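Heads up, the next two complexes both have chain A, just with different partners, chain B and then chain C.
The block that comes next holds the complex of A and B.
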């Protein structure tokens, strides 16, 4: 009763129920690259840094941080923070969490942290991280890594984990829901604003939308453009949208004779009417691309929109001796909203310039196998820049090692620039990345059709909900009437 | 014809099925527009049939394509696949059934056990597995569908053969020195035809459903080629704001299944000698 009284005094009341499109698969913050897991686990664990919706890094468990030199980062930690079980948060926690993710190769995020040489504590509230080579994107990656208590084991701990986050973990019904309860002793005053948060996993949009309209849930993510009108017309429902940190990108198989020729790739790009895709198919809920990476990320440089010029496309195909070209366009079934519709539109557009497109809509696992085997010309995919930093995207897709089993991209110039762009100095990074983007924009190893827009629908009872560009649904500062 | 009149349901079924097949067959003449070419400015127009202002009788789909045109061309695909599958299943099933019935013994045992194994697999599961391996060509689809259907014929024909084999006229033919093959083709096969026809027509309904199911799951005909199941799948996402996308192919599938079932039921009664007067 006393605690309830305290909660009331702070204005903390009610329960928020969210409906997320993607099922969560783990409670271990180091063992996923899932957007829904990042969202849910952010409530239970605090990372060292948060990233704001305008791509600025903000203090969470680290009060400040800076690069001492190209291979050393220093973090000063927040004092007086404790885990849900009462134990204090100290530098030991950071040392444990970072060494665990580096050393346990089974963890999905392990590969990112391989560059860490050592993690040293300096008293209870400061940590120095040294790296084997420059690791400028470390702060960005740390926004996605919740800090664990040093006593955390493996299996058993993650059945009922404790963190320092604004909510305590209560229960997880696999594939269905996660229940969380407010952490009354959270370090940030006035947070959280509700007593309870339940996250339900509802992959089908129409079901998700129906639950929202019926008032069963209060917020849904990944709304499709075609659903917006219906939702806007529903009393008590608000629709929010924001430019997402996601670029759609369909990559070519660069080892294939047909699309190896840059003239062919250019022709494909010229034949696609991106305006039609954005305006007619996505009803304006997308933005034209002006660079391989979306605005807001370090290095983004406006290189101007890709033109639509079927005449020139035909001419280029003729020059390349490919006037009777057939392309295999592989899709991962049901992964991206409206992908089949867009792929059919693209097939029709390419048909206009004499390119026949075979759409192959395959099971996700099969599609990935085909990609590894190189059995495709064009592969439908998107990239959400989750750590708010393009280093991962560049490293994965445009280094020889990263792209070996994907697109077979290999360009020593780009490889060099990616390595040089890993330093902590943002000015250097900006300049190197701008240069990479220029090369890619010119070579067109991928088709960049549009930047996505993230659409959410919420109950008008919610206050202070922020439509995030990274698709996270964060509820600790959200209240409910 | 007079007997047909006694089974009006068979006639109705036959008419429905006949009309749909005819419409699909002459699709190029009937279709008001290209079924594949998108018209982006004309997406999701409601059917004129229900008072919509658009010039499209059944409306347009999510890429602005005429749904009537897609329905007709999709029908060609769905019906052709189903028909081929029924014919292939019947050919295999009847042959195997005749062999099992006539030869008997170990051959019979072996064939019937294979049939049992086949029946033990859920058809959709089997289809998904096969299509995942060999791909979604028309040949593969027909084979998958036929694979799910041959057992029914094999068992029925085998049972008929076992009965007919004992009959006097078969004995007589054998005494006169007719070869096995001659007896099978001229004396036994014609007498098993009635049940085969009945199974064939009701199985046609199952095949249309199955093909639609596979296309719905994305394992059938690949877009932009229309097929009823694929149209249904694409329309599902638009149920709340453009219901006609899924409803139109859904009605078409229901009609064909209804027609084929009515026809099958009627044929069974019509061809059953015990019901003859």
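The block that comes next holds the complex of A and C.
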């Protein structure tokens, strides 16, 4: 009864039910790269840092952080925070969480943390992380890693986990729902604003939309452009959209004789009318691309839009001696909104300049195997920047080791710049990344057709809901009438 | 009968061993790499290799099969790659939803399908017969996903009589079970009508009527009982299919059953879960078919197995 009184005093009431698109496979924050799971688990666990929707890092369990030198980070921790079981949050928790993810190779996030050399506590409320090489993106990665109590074991703990987050874990019915209840002692005043949050997993968009329209749930993510009109016409439903931290990128297989020639890649790029894709196929729910990485990420530099010039494309192809070019365009089946229609439109556009496109719409695992084997010219893909840092994208796709079994990209200049851009100093990073972007923009190892737009639909009973650029659905500061 | 049963059980064991080998090999032969599907798209090759080793997928395939068979005999179906939990537990968690849906859909199929079929046969050539035929054609030709979505839009969104999706109680069962039952109901209705018509033309039916049996007894006790044999065969196959999970219906209604689980497991190359579901459904099929064969002898004393 006392707790109820406190809740009332803070105006905490009601239940929010969200319908998310992607199923959740684990309650372990170190064992997934799923956006739905990141959203759900952010309610149960706090990370050291959060990232705001205008792309700034904000204190969560770390009150402050700074780089002592290129390979040392220091985090000062928040005091007076406790886990849902009452035990205090201290430096031991950070040491445990970071060492666990580095050392347990079975964890999905393990490979990202291999650069950590050591994690030392300095008293109960400060931690120093030393790294084997500069790890400037560490704060960004830490926004996605919930802190565990040092007593957490493996399997049993994750059946009914405790964190320091705004909600306590109540139950998880696999394939159906997760139920959470407000943590009345949350360190952030006035948060959460509701007593209960239920997250349902509804992969089928028409089902998600029907549940929202029937008033059974209050928010859905991943709405497709062609569903917007129906939702907008439903009383009590609002549609929100925001430019996502996701660039569509179709990469070339750079070891293939045909597209190895930069003139051919340039011709393909010139022949694609990106405006048509954005306006006619995506109904305006996409943004023109002005750099390989979307605005909001460190290093983003506006390089201007790519032109549409079929005449010049034809000329370049002629120069390259490729008058009868055929390209294999591989798609991962049903992964991106409208992808088949877009690929068909692109095939028609390339047909105009005399390039024949062979669309191969393959099941995801098969498509990826084909990519590893190098059996493609162009591969339809997107990159949602998780975490909010371009280092992963650059390091994976534009270093020799990273791209070896993907795009076969290799350029020592770029490789050097990526390594130099790993330092913590934001000014250095900005400058190095701007340079990388210029090189890529010029050489076009990928086609960047558009930046995605994230579309959500919510009940008008919700207040303070934020349409996130990273596709997260975060409800701790959301209220319900 | 006993030796027959023993022989059938022996055959069943062989069938299941064959299924397990087939599933095991096919999963490993098709393109696709489990570790790559688990890790994010840009994970480095070293992480892919390390995870594959941790999952035991770097052993030669026959070694993997022997390890698998040994554990299955102990009741251990391995650990799900995606859930990092015992595959049997992952599957068992989804079983209640599937079983509920399958049983309710089956009940609907039998009640509605047989009633329509009997009515159409007895009132042959009347409006009832034509209405039954139209319903049956609709049920068999409307695609599942379309029917499901229409039902959701009408009863869930517009009228708000029933929940649109999810799995929380009896009211949640109505729309998915109707969607799922549509096709088998139509099948059963048509089958009942035709086999009943055939039997109604037989001489022993005339004998029955001649000796003054009521129409009710003729139809329900004599005719229908004999018409049950082909029906039972079809029902056995249908329930086997339903218990294996109904992917499309489960997707439309966000129903946490085994069908969606296994399809996702195939997509993500979660071998242990696929193996578990397929071996369990194969077992269900084999057992149900055995039961149906035994049931024949009860319906028709002329059928004997020696």
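Everything below uses one rule, namely that the second predicted complex is superposed on the first by the 481 of 481 C-alpha atoms of A that agree within 3 Å, B and C clash if a C-alpha of one lies under 4 Å from a C-alpha of the other, contacts with A are read in each partner's own complex, and residues count from 1 in each chain.
Rule of thumb we're sticking to: a contact is a pair of C-beta atoms (placed from the backbone, for glycine too) under 8 Å apart; a residue touches a chain by one contact, two chains touch by 3 or more.
Quick caveat, the model's predicted, so the values are computed rather than measured.
More chain A residues lie in contact with C than with the other chain of the pair chain B and chain C. Contacts of A:206 after superposition: both chain B and chain C are touched. When the two complexes are overlaid on their common chain A, residue A:392 makes contact with chain C while staying clear of chain B.
Look at A:425: by the touch rule set out above, it reaches neither chain B nor chain C. Judged by the touch definition given at the top, the superposed model places A:363 against both chain B and chain C.
In the superposed model, A:276 makes contact with chain B only, not with chain C.
Using the contact criterion defined above for the overlaid structures, shared-chain residue A:343 touches chain B, although it does not reach chain C.
When both complexes are aligned on chain A by C-alpha atoms, chain A residues 206, 363, 366 touch chain B in the first and chain C in the second. The residues of chain A lying in touch with chain B in their complex are 205-206, 209, 224, 226-227, 229-230, 276, 280-281, 333-334, 338, 340-341, 343-345, 347-348, 358-361, 363, 366. Interface of chain A with chain C (complex): residues 23, 25-26, 28, 31, 33, 105-106, 108, 110-111, 155, 173-177, 200-204, 206-207, 210-211, 213-216, 363-366, 368-370, 372, 381, 383, 386, 392-393, 396-397, 401-402, 404-406. Within the complex formed with chain A, the chain B residues making contact are 36-38, 40-41, 43-44, 62-63, 132, 218, 222-224, 234, 236-242. By the touch criterion stated above, chain C contacts chain A in their complex at residues 30-33, 36-47, 50-51, 54, 82-85, 90, 93-94, 97, 149, 152-153, 156-157, 160, 163-167, 251-254, 256-257, 260-261, 264, 267-269.
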